[in-house]
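Next come the structures, one after another.
Here chain A shows up in two complexes: once beside chain B, once beside chain C.
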Partner chain A sequence: MKRNHLPFYFIAGLLFIAPTLLLLVQSFTAPWRFQRGEGLQFQLNSWSLLFSDPNLWSATLWSLVIGAMVLLMNVFIGLTSGKALALYSFQGRTIVESLLLAPILIPVLAVAMGLHLFMIRVGLADTWVGVVLIHLVPTVPYSIKIFHHAYSEVGRPLMEQSQMLGASVIKQFLTIELPLLRTSIRSVTFLTIVISLSQYAITAIIGGGQVITLPMIFFPFLDTANASVMAAFSVWFAILPLVMYIVVEGLLQLLPYSRKPWRIQT
Partner chain B sequence: MTIQVERLSKKFRIDQVLNSLSFKLEAGEKMSIVGPSGSGKTTLLRILAGLEIPDQGTILLEEKDVTRLSARKRNIGLVFQQPLLFPHMTVAENIAYGAHMNGKKTESTVKDLLAAVNLTEASAQFPAELSGGQQQRAALARALANEPEILLLDEPFSSLDPNLRQDMRYWVRDLLDKRGITSIFVTHDREEAMLMGDKIGVFHEGTFQQFATAEEIKRNPRNPFIVEFFDHHLLLNDQQYVHIQDIQFSEPSGPCITYEAELLQTTFRFSEKVAHLYVKEFDEKITLPTPDDDLSKHIELYIPKDAVQHFQSDGKCNDEQ
Partner chain C sequence: MKTFYFPIILASLLIISACSQEEGASSIDDITAQSWADIEAESEGTEVRLYMWGGDEGINQYIDEWLQPQLEDEYGVELERIPMETEEILQKLQTEQQAGKQEGTIDIIWLNGENFKTAKDNDLLAGSFVDVLPNFNEYYQTDDPAFSTDFGTDVNGMEAPWGKVQFVFHYDSEKVEQPPSSFAELKQWILENPGEFTYPNAEDFTGNAFLRHLLYEQTEQPSDIYSEPFEADEVNEKAEGMWTYLNEIEHDLWRSGDHYPNSLTELDRLYGEGEVSMTMGYNEARAEKLIDEGTFPDSTKSFVMEPGSIGNTHFLSIPFNSTNKEGALTAINYMLSPEAQLSKLKQDYWGENTPISYEKLPDSMREEFEKVERGDSVLDQQELEESFLPESEADYVEWIEDQWFDEIVQK
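Right, the complex of A and B next:
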């Protein structure tokens, strides 16, 4: 039976594509005033103002570096913990699972305050490494949950089949596990980058003003109340996860047995 | 390649799944393991494959002890109940996978196997695009592509419909014979066991209750479990049994034993009318071919005294066969 995709396109258009297009248009036009009868006045002032910020490029770069590191660590911790929780039975598994999810039950600001003292002692305060570590608190529990579910879906028999065919642990990981976890890796990519990019307070506390990320220069712009400038900044902000997604997607294409995008399974 | 299993034991908590099991299979021989569901047949196969470690005992492949060797290094093929094809690979990639992992050249092997399993045209398709039978054939080809020394098959046809299952049985048996592969086929279906194995190991309570040819099992069942598991006999008591074909509906001329039976239903099997009877004396249901068109609800069964057989051994089959 052929599926009707119209409702999907309608909802995707209404909730995702239309707002993005509006944001793009707004960033290149003067703020709109409804019922004034004025047309769109195209301008580049908002983008000029954005690029005039001397910290923009370094903040963007640091956001990318921190985001990439947070993503890498999330993938590593999520894959290993998720696999253990899904495929191995051991005593106290439920307790371990609850403990791993616990960070999202405690306000991240409270955790950051506590960890700040610890990081000062070990010399990680005011460093980008400290910021990466604190960004793991609100992201890792979700990654573990996503990979736990993904490994449960793949199941132990498929891994055993690969063992029976002589695949080593590494080859099994590269040829079976990673390709089948592709969707989860995409989800974790978006989730961790967006969460990491959104952290203002904990980045300010642990970074101590030394580590400048995009939110640190974005928040002061909120005072301008200029919709065009805000739109330009939002578009700039949204490009980062997109860039990261494209990079990750490119890397996933390098995996063995990657399905070509034009060969869709029926 | 010969496989020799010596005093294999495995316990899961309080369940003794394998109990000092021993057997030997010569190169090219085909063996079926049959037994009730949940008796531990799959665990035995998993231990032979290297996916589980036994508590005790040894597994020798051509005199070499592989008991502690990982599954990756044993070169034993295992076809599971489900095809377990890798969903992100095409049929050809699935078949070539094992050979690739072991650094073997695959092109001609894959081509030959695709032809052997009638999947040449489906070689570029993904598993989700195949039927159940095609998937199981691809799984078999994948196991064979690795040129395993022993092939283990764990109820590979159980998820197929009856007609396809029957076709697959003949086809796989023929393929194994042609290639001279030593194989162990696990099933709970008695007919399938007879079809797929030269020898049958009847598995129950962690060991083989009997390990013999189908003919021998029918002619000389070793113990009451064998009699009850197969439909060839009626168990009279712990020492005696009678072949089904010796049970009569009319009184014979010589001395005989008589039992009352209740007719439950009549059906047809291979064009022959069969009666499904409940024998109150043994609290047992049996099925007998019947020439009589009009059986009454309550009937008498006659067993000539000279047809009553006795179990000849101590009923155990624990030693090396």
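Right, the complex of A and C next:
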């Protein structure tokens, strides 16, 4: 069957690639006054301004560490509860299911204020562990939903088969479940990192300024009229999920039955 | 198989839950009872955490590159700047107070107006401390109403004046020959140049200030507004002309007034791109930076109109649960010093006006202040001082927000 890919490339280029390129160009040029008939002026001011912030590197690192921890906990919680919801029947399953989704229906900020009180008492306020925990609130419900769906696709019969053949739980998990869940892990990675990375208010409240992540530096700059600085910040911001995605992709290659990029496809 | 570890984790966290700290920070009254030399001596070698809005690179650099090394050298105080929005800071303090957390992480906050009112009403501040600051007593007009009230709220010495700003309009001198000098002339100009003017909506800080100027203009004397407590009936009557004015210009605003910029940032972008010919804002010198970095055209100039230009003071304060109040006092005192204020006034970093009294400065210092070149886009000091108008009570701000929506948007 011959497919025409042209419309796809056209739409993707127009809606996704062109705006990104524009952002890149803008970060390297002075704000453009096209109404006055001026041309583009290339400059590096926006980038040097960005790197002059003494907190930039540590904030970037903290964002990565927190993002990675949030991702790990999401995969763990998502996998276990997703599997339970999909494959086991128990009383009150629908109630548990809707309870697990509840956090995305309540505004995160409201949850954060209540949890802040709790975290102060427990001693987790103003620590990065507290920030990781609060980032679970807006991310875990999605992960559970994604893994729930994935396990439903895999289905119980496949699990029963491996159990009958005598595979241990670990072996079954490594050789059957994980390889089949690869696409879900990808989605969860992207979703989790992007959500965690863009949390300003809850990070500020729980982290209390002791934990400075990228949005803490970045968000106040939304008030600047200098579009070029904003563009440089945005590009820097976008690199993080990309890096994390590549790392996770590399890790997924280690799974059994992965198609190695250096192998010839037949 | 047991797969629900989450509740277990949460439950175990609950068990660790310790009782809240009892010891707490020492009270500000005990500290201010000491001699100033003792306070300075005790702050040596300590860390002071300054929480402030971080959205301006010039301000950030003033703190990081100028103030921080100076404080370190002169007093051995290590200043750390933490970027956070003032609303979030107050939210954090409020929850900490509920939880009885007496050992906070914040030593100094930067605030004014409504935020100060919130902080004061909820007992989030340490208390009165301004009287013990040597620099405040020596170089400032201590009984100036601009320092003793903040948007109509009594300061009671709970915050120290750090800077002051005044509202000005900016225009592109290539497109506008003679800037208007009154609201009547502005209207004339708008009608002649449709689509070239707009103002941020009333919920924006700056848009609201623009409207307050217009409200001041409706009265015989602006003091009828700013020295009068808010009285809805009276204001409604005075404001009649204001809504007429706004409705008359609406059709000739940018996009025929169908859409108002949501924030000053939006208006600044429109101005920077050449869509409109005027913008406005607090801080009479703010255009300099924007011209320098190329956001605003080089031909940007500023002007003020009758009846005058509203200005306000912004302050530094100490939260109730600061653990290093001595360090905070030392740092605030230094931030009010002539050297720190002079550096703040220069265009190198921030370029912001100072609340210091020039008459009280030693001669050599006063000359330094008078020598500072603030830039071509900044009006001269005398013109600014002559047009200065104080802020009205905070209630007016809210009233304008509501009424503007009813009178302008819904019509």
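One rule holds for everything that comes next: the second predicted complex is superposed on the first by the 256 of 266 C-alpha atoms of A that agree within 3 Å, B and C clash if a C-alpha of one lies under 4 Å from a C-alpha of the other, contacts with A are read in each partner's own complex, and residues count from 1 in each chain.
Basically, contacts are C-beta pairs under 8 Å (C-beta built on N, C-alpha and C of every residue); 3 or more make two chains touch, one makes a residue touch a chain.
The structure presented is a predicted model; accordingly, all values stated were derived computationally and were not measured.
Participant: So, A:K171: does it touch chain B (first), chain C (second), both, or neither?
Facilitator: In the superposition, A:K171 touches chain B alone.
Participant: Examine A:N226 and indicate which partner it touches, taking first as chain B and second as chain C; both and neither are also allowed.
Facilitator: second
Participant: Could you tell me if A:G123 is touching chain B, chain C, both of them or neither one (first, second, both, neither)?
Facilitator: second
Participant: Please work out whether A:P19 is in contact with chain B alone, chain C alone, both, or neither, and reply first, second, both or neither.
Facilitator: neither
Participant: A:P107 contacts which: chain B (first), chain C (second), both, neither?
Facilitator: In the superposed model, A:P107 contacts neither chain B nor chain C.
Participant: Between chain B (first) and chain C (second), which does A:L180 come into contact with in this model arrangement: first, second, both, or neither?
Facilitator: first
Participant: Mind telling me which of the two, chain B or chain C, contacts the most residues of chain A?
Facilitator: C
Participant: Which chain A residues qualify as touching chain C in the complex?
Facilitator: Checking each residue of chain A against chain C gives 30-36, 41, 43, 45, 49, 52-55, 77, 80-81, 83-84, 113, 116-118, 120-126, 169, 201, 204-205, 208-210, 212, 216-217, 219-227, 229.
Participant: Mind pulling up the chain B residues that touch chain A in the complex?
Facilitator: Per the touch definition, chain B meets chain A at residues 49, 51, 70-73, 75-78, 80, 82, 84, 86-89, 93, 97-98, 101-102, 126, 128-129, 142-143, 146.
Participant: Name, in rising order, each residue of chain C that touches chain A in their complex.
Facilitator: Contacts found on chain C: 1, 3-6, 13-14, 16-20, 49, 51, 53-57, 60-61, 64, 82-85, 88-89, 91-92, 95-96, 98-99, 101, 105-106, 263-265, 268-269, 272-275, 290, 293-295, 297.
Participant: Applying the document's contact rule, which stretches of chain A touch chain B when the two form their complex?
Facilitator: Spelled out, the residues of chain A in touch with chain B are 157-158, 160-168, 171, 175-176, 179-180, 257-259, 265-266.
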